Amino acid sequence: MNVTFPPLLALLLFPGGLFLLVSGMVFEYIDRKLIARFQNRVGPRWFQPLADFVKLLAKEEVIPTGTNRILFVALPIVALTAALTAALSVPLFGFKPVFSYPADLIATLYLLSTMTLCIGLAGANTEDRFSIVGATRALTQLFSYEAPFLLALLGPAIVLGTWNIGEINQSATNTLWFIVSQPIGFLVALIGLMGKLELPPFDAPEAETEIVAGALTEYSGRGYALFRIGRDVELVIGLTLISAFFLGGFTTPLDFLWKTLLLLLVTAALQSLFARLRIDQTVGLWWKIGAILVLVQLLLIILGTQLSPLVSRIFGG
Amino acid sequence: MDNKKIETFVVPIGPQHPALKEPGHFEFTVDGEIVTDATARLGFVHRGMEKGVEDRTWVQGLYLMERVCGICSHVHAMAFALGAEKLANVQAPPRAQAIRELVGELERIHSHMLWLGVAAHEGGFDTLFMLSWRDRETVMDLLELVSGNRVNYSANVLGGVKIDISAAQKDEILKGMDFLEERSRHYMKVVTEDETFLGRTRKIGVMAYEDARVLGAIGPTARASGVARDVRVESPYAGYVDFPVNIQLSDAGDLEARFVVRINELFESYRVIREILEKLPPGDLAARMPRRIPEGETISRVEAPRGELLYFMKSNGTDKPERIKVRTPSLCNWASVLQTAIGHKLADMPMILAGIDPCFSCNDRMVTIKTPANPDVWDWETLRQFGIEYYK
Amino acid sequence: MTIGSMLGDIVKSFFKKPATVKYPFVKQETPENFRGKLIYDPEKCSGCQLCIKDCPTGAIELLVLDKVNKRFVMRYNLDKCTYCAQCVVNCRFNCLKMSEEQWELASTTKEPFEVYYGREEDVKLLLEQAALGEPEEPCKEPG
């Protein structure tokens, strides 16, 4: 929809800012409820993520010795800020992106990666063994899925001839859904999103049974709450991006809702199906299978764009 | 560069850690992600039960020994009762022995399903964890139906059992067995065929046959490496004389083999339970036991779900035992963990630890502190004083 | 080699009711020989005290008001009992049984944990004696 919001409103209240935080919590609730239902359990109640957030804010923040205080306190804030900024260029809730500029696809993806970088730095900052191992794993995972993820998202961008998310969204509503014409790219993009968000089976950086909480072990209280809500916001943004690109763009908020919820269902199912992959298996998986698949996809796209005038002449003429 | 000293990076797991259900301390020296050394320290759950049983009569001691472990409570009580009966020269009636075996096998089912869920959780496979624990509720309900409680069944008395199996209970148990057998077949398929799970279990934690023999591994951990040690087959006790079980072995010795052996034992248990219910011998439930057990020493060995459980019992003719020493199976398997851990990645540690099915509360028995000043056995006051000084 | 071998499970679970029993709104039925709270019938008791001899924790005590006329009051400590039912096995006159309905015994104070079983007038007499400040015998260690 082509509604223009006044900048301050968009930044603080709607569709960015507060509304995005609340919708992040709603998406987290739906995700947890779906996983619980897949495991034949009841799952949390609707206010659980909000209750978690409020409880964490009320807890004392313990800054361990041996860390750089400024970095310790600032990193969660930087992570959340990056996620919220990335939201401004994305067609949230079916509306036109608030702040659109040429080639904002690359910038948005880098802003989304800032969160993982912050987690890695946060882990390396402390002297705790578990955090250091977790930080190493987080950064290793970052290096492995970034390239295939970006290339997979480039597929629709190449076909539509633009690198601006708003325009891709606009044009995707008029062309055939890319999930049909680029299924491999869709698969890599969806699984890449799970890697970025450290959802199971790619939750080795945060493996609860091995290294307690990974890089975030020493965080409690406000810092931990900000990291968690940043991750929820990234979930919303990531799902928006993928459904905008591959499921035919959004025109109305209702469109947005059912497409992202459908993707959330698929993501929740993928989360419950697999055992956790070790970090070396993750890297192996991405660099062997992921990269090859996405290169094959790009090859097919290039062939397709070159051959399509030929094809349309045969079938159209 | 003056880098002569190589820094060792030690990752402590426990005593408080999400991977451990009970406290125990392990230190893994890692180099990146590869583990180069492992040490263990136990003793956090020592409760002084061996001392406590010396103050209680034989009957009271039975219930205390039952509470050494929550998952294998029945085999502890059974070992104690069998030992006391041997000392008193009393033979429990055949119906009682058969019911003891029945409850023991039900407990084995419960323990193996619990272990399946916990090991899956250590590997990050939460769905298998939740669903196998959901199916475990069936066997817990059956145990509640038969004995009156879901844990600590208190089925044994000295001289026999105190519970009986009625026809209605028999039908319920058979129905439960059918359901569980179907689910176990499904879990066997998942464990042996799922690609991601095999990536975590195949060729991980391999213990060769020779190592298993030398390190003294027992129970399903040893049987997964091909070592045929099973007390139910070597020296049958209670009902196992009339209703024997077949030993389940595997050659691979890795984590997957331990899963396969335990699920195969589940199938054996289903078969034996059906056989017992079919041919339950009639008769009394308990024989009369004297209050004062005659003097003597005996060893009582039973097969707990984790391996061989050994009770050394010494009586001095009164109604209180003189000395009871408990050696639980988990104690024997620690050496195998520390040996196989070297060379693996840190991410495999929780699964290797869980692979032996550790039961920390069973483990902690009397700790001997030898100091040059006091090399003899200590009495209560000396120990108490030592504790006060140590923690000052 | 399959990927996602639990797919059938999760699809089925999604459409089934959750396996959780929503206690306390829904209660599961307890079977017949469930070992709940101990119940004592003083009418049949002969005062042999075999039950008390074998209790592992000393949870039951028999207060004898009148041995010849068989007037007994049993003091039962819920918090010490391990619900093992050894006393039930020992009793030859079927005075003791374990309830299958009363098992929700948690409480925030200590008073409900001390239960007196007996004829009403006997219990009243005992409680009056206790209120008068007669010193109670401390609980002996088992054995």
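Per-chain numbering from 1; labels A, B and C assigned in written order.
As a convention for this text, a residue touches a chain if its C-beta (ideal position, glycine included) is under 8 Å from a C-beta of that chain, and two chains touch if they have at least 3 such contacts.
Please read all numbers here as calculations on a predicted model, not as lab measurements.
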{"item": "Most widely separated chain from subunit B, with each centre as the mean of CA atoms", "value": "A"}
{"item": "Closest chain to global C-alpha mean, per-chain Cα centroids", "value": "B"}
{"item": "Subunit A and subunit B: spacing of chain centres that average the CA atoms, whole Å", "value": "44"}
{"item": "Distance from subunit C to subunit A - Cα centre to Cα centre, in angstrom", "value": "55"}
{"item": "Separation of mean Cα positions, subunit C and subunit B [Å, integer]", "value": "29"}
{"item": "Shared interface positions of subunit A, touching two or more other chains", "value": "38-41, 272-274"}
{"item": "Residues of subunit B whose C-beta touches two or more other chains", "value": "127-128, 131, 134, 194, 196"}
{"item": "Residues of subunit C touching at least two other chains", "value": "3-4, 6, 10, 13, 19"}
{"item": "Interface residues, subunit A side, partner subunit B - complex", "value": "38-41, 129-130, 133, 200-201, 203-204, 207-212, 272-281"}
{"item": "Subunit C-facing residues of subunit B, complex", "value": "55-57, 59-64, 66-67, 127-128, 131, 134, 137, 144-145, 147-149, 152, 154, 157, 162-163, 186, 189-190, 193-196, 198, 320"}
{"item": "Sites on subunit A touched by subunit C in the complex", "value": "36-43, 269, 272-274"}
{"item": "Of subunit B, residues touching subunit A in the complex", "value": "9-12, 17-19, 30, 33, 120-128, 130-131, 134, 194, 196-197, 199-200, 345-350"}
{"item": "Subunit A-facing residues of subunit C, complex", "value": "3-4, 6-7, 10, 13-14, 16, 18-20, 22"}
